[in-house]
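The following pair of complexes shares a single chain, subunit A, combined with subunit B in the former and subunit C in the latter.
Right, the complex of A and B next:
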């Protein structure tokens, strides 16, 4: 494909074949929603060169170059692949597994208060889900595309006052047979509940380009605690656009961590709408890039009501020819007095060819607020390196010790010890690979 | 043990060390004094291998090896230790983990087995007592948020653990109250034997009441302009540096 128009037509055809394949079996609501989303997608189009939002991430160009159109039928039922060997050993949780974008396993052993229903292309389980209300398909082409075309996903519901100890773990696994995947998840964490969701993205084999366009919509009820971890550690040549939209009601606490160590081109949009007072929102990110990885984290916090606190820390270590992008938007609306919003992005560039583009964006209409932001991009501290070497550590050991320490500040925010151990191992291995 | 011969070093084309000569033998204690900016810390840093200084002339041998050829970590493994004037804070690096790595690197270099967790813990407990350092300090990140005195004490603690052959203490006494000073001096003295040596850089004669030097050198404008015994330190304390500067300016 050569033009954005062709790329768009490709997906329009996919839409036609999806709807005709469903043979009128999908719910009327969903078919309407998909139709509207397709219209939006058509008018939005894939981001063009001049697009401010994708200025440093040429996603359309990359898709034109790399999207494979040799037809793998993502929708066709296949034999269930042996996914067990790709799960993180010891990570306990309520599992849902997708392979090449298709649901292959969904636990039915659920504690009281937790329900997980598979989402299918017909939309049978979506009646009460409120799909599309938080993830705005009118503004973002990828959210629109996903809404028009999603096939599988999970609808997770945590009932009022339920405390769910173990996380819901959504595994997205794929192999070379997938050319594109569109998964869609919905989470409703009702009032006073405690829960966590982990999304793990993992390429099981192969070196081909794959495209994953995922959307996760989360509603967090009053006084609920919700945490969300997104883990992109073994993603090979994947092109990923992920939209996580979270809406928070009063007195709720949300904590998100996004950890990326691999990917051809990754764009994570994390949108938090703080639609209640006295909320707490934490966002942590770590990207550890090498080779020609390109990872872009866009975050957006919208403070609409007073007395809320948000804190954001994203850290990056960028080596070789890899590129990092960070854009952090904070909106503080006129009614959101007494907001405390903090943002920080710190980066280490380890090679002359590594690059980082960082942009904080604060828009504040309220007058009684405390907001701060800061971004740094630099090299390892020579004084620190010398100190460690003067005590007998060689250059590589000193470097990896300092890099690990740098990463630690965000890693320690991962609440699950098993997941944290796993990430520790991935990061240590990477530091040894690159610096040892 | 250490022989510095006509050592010249500069930074960004500015000459800071202008021909240093110094010989330290096993069992000796040397004190280096001198006004601010005379080059004392530069000498210490050059000995430890800081790469930002360019050596333009001269040589340094340490235990019969060419010191200037070695990387900083090789110097440390050969038994050189620098207690920094301003120890850097390293957030996120645990003091104990770091020290364990350092000890085992040095042991490996000496052909010794690495210490396991238990023996390492035993070693640091013993050395902690020596410099009266608190366990809670070591469970924190390296030097992070330490007071000036705590940082200095941590330097001596590390020295005690690493048991160097030659220790260069750069103003380890500055800013210490008298109790802390005694502790630091006690630490240094109890590690002292006939096989190792110490070079203390200081502005204050006070320290030399506790760590008694065999030689006192005055560094001024990048050169050692006067050497003597411990009485020289008393004289400097009393008369200041002006007479030294005058003498030095006459001879040059």
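Right, the complex of A and C next:
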């Protein structure tokens, strides 16, 4: 058990060793940014129990309990085992692999129009990336912490009018040696481009607690199509705070899916700023929890200009002693007339000790809009179960089938067929494991 | 100017109808709040020692608490030392019959449309009227007493029904529940008390009418309703205040206790002075209302029509403790000009097979902000809990805001929770349809809003439903075009 002071000094020490390790080699802009972010983190502090944004997710308590503050080896170079066996076999794409938070592989076989540059602590590749402009480190402690401390990541750039067929796949793998990881990715999808990014999180071995604090910043240009999939399937005892900030220009389309099936405590913040008119934004989420998993999805869509459409569907199946949290915010500013914004959150509670806290939230300052939200929490329909059992399925089969169908609605939104197949298998295996 | 135009002009500029002030001598405490004021109020009311101690304890507690900042409203800091905590119409003796009441006072209530005598004779509604801080008249007392129903002012109850007050006061809304309930507990001056004995169905609507009259005063009343086993009561509450440039504070506490099989229906038409078009003046309505369904199969139903107040901040709630108990919340909240409302409900499911239903309709116009904030909580023991919530918002004009903050916490796998919310404006096609049939835009809006609120208005007792419909139209006047 740490005290909060110990936790703060742990990160302070990380900052000092990072800056001294760089010997002033980082660019002036970046060093200033890191400094400001650290100040902002110090004044924000870790979210307290009463914090509205972390009301149902006691992240600070969990970190105090579990983060190993005496571990100083993380920054040291480590030997990397062959990682190929942990990759999804058929998933074609442009690979970037991180092991214990460090970049270990970055493909150089790139099609025209796509560039992937590794981000290093010096920030050499970041000169014109606009890092920190979309991810606001003044409001969120974890974004601030990441901005102050990030050392590895990928800077993905899709040039104007390029259509990139295969996704960029970012693998985050870790083992027992990991403790605190922080990755930072930047994506710039320029005007009229088509691209997709997949982030996969996977624990390769071990049962130790790890803490991953990641930030992904995405700029989507005019009339660009961008999709983003986040997959957290084998995350063991990982504590994860992920902030994804997306900014959309006019006529662009963004689609995000977030699929979580494991994690000790997972908090995904998905922030969409719709800074153009005629935009489309789709957000889908699925969380399939068991054991003592705790998964918290926060989404925020900020409509600032007229004629936009956003649609959101998050579904959860919660078993055992797991806890699910959902908070969806839709803001429609005064100028965002003719906005259509829809949000839906549906949950199934399968055990008496499972819990679900949901808060679908609308804040609207424009009058000519159509906005709605809905939330349900309940069980499988007895009549549907009966229908299936009357046709010869046993209770377990009937339940699994209905649960599978429930999950399908969001799973269908995953654009890559290989990834979809993989997720399909994970979900089926889970349903068999939990429901026989 | 043609006659039609004139009528229209008058209508759109019509101001708060109840904004007159009555010239009655008041007996008031000095401004400010300290232990002596608490003692002063207590001695004025001739209260027993235990009551004074209760107040002092609450005052101590209040001093340690901070004003809540989480509601979605903004207002300048309230100076709690700049408020008069006690003001009573000067009267020499306690009136035995209505004839003994100050004629000026009676005229006030007549202007408000609550002619105490008329009410008594014609409508058959028992009224307890509270002016500033003191209950001035209660009608139909004797007739109710025949059935064993106690309906009187709170201070009378403290004197005459000590055991009941001692047992139930603070049992639903504890003193330290929140900042304003603690303040109320320390300085409450009067209010209504109602007890319905076992198995009695109250034959008439009970009603309380609140009026703030004197300047610089706050009104802190307390209502306690106890419905014993198998009883039924329908209770109405109305309120108005004169127009003043400064803001006045109203911090009330309402507690409802429902025993086994009891049914309590509580309706409010809140029409405190909302301030002028620039948002100057108006009442701060910071109220704590809560009911507990203690016994099995009991039911509490809240209906509210909120049209007044500069700021409304209240959440009539139900604690569904008894098995099979039912909680209902029907609300229409209309805000215009610079009004702000943050209102909603809490449904806390504790017992088995408990059910709750929430229907909330918000209408915002002008530059107002209207928020729905609600909590549906299902505790682990509450098997087969069922909730349905619907909160719709209607926006009129592009300078107002509508916000929804629903919290849904489920910790039982047999619970079924549904929540839905929509936000939109009145369709131009609907207005056009009405215009085409000779209904002008103003009336069309009133018609459409009334239809939109029908589900809630239907829950009101008949006398109130008529008043509420008129109020809705009045509040929204001038908000179109």
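The working rule: the second predicted complex is superposed on the first by the 432 of 436 C-alpha atoms of A that agree within 3 Å, B and C clash if a C-alpha of one lies under 4 Å from a C-alpha of the other, contacts with A are read in each partner's own complex, and residues count from 1 in each chain.
Please note the rule applied: contacts are C-beta pairs under 8 Å (C-beta built on N, C-alpha and C of every residue); 3 or more make two chains touch, one makes a residue touch a chain.
What you see is a predicted model; the values in this text were computed from it and never measured.
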item	value
Three-chain arrangement built on subunit A, subunit B and subunit C clash or fit	fit
First (subunit B), second (subunit C), both or neither touched by A:204	neither
Partner chain in contact with A:382 - subunit B first, subunit C second, else both or neither	first
Contacts of A:391 with subunit B and subunit C, given as first, second, both or neither	first
Partner contacting more residues of subunit A (subunit B vs subunit C)	C
Subunit A as apex of subunit B and subunit C, Cα-centre angle in degrees (nearest 10)	70
First, second, both or neither for A:408, with subunit B first and subunit C second	first
Minimum C-alpha spacing, chains overlaid - subunit B and subunit C, in Å	13
Contact residues common to both interfaces of subunit A (with subunit B and with subunit C)	none
For the subunit B and subunit A complex, residues of the former touching the latter	48-52, 71-73, 75-77, 82, 84, 87-88, 90-93, 98-99, 101-102, 105-106, 109, 141, 158, 162
In the complex, subunit A residues that touch subunit C	52, 56, 334, 337, 347, 349-379
Contact footprint of subunit B on subunit A as seen in their complex	381-384, 386-395, 397-398, 401-402, 404-406, 408-409
Residue ranges of subunit C in contact with subunit A within the complex	70, 380, 393, 395-425
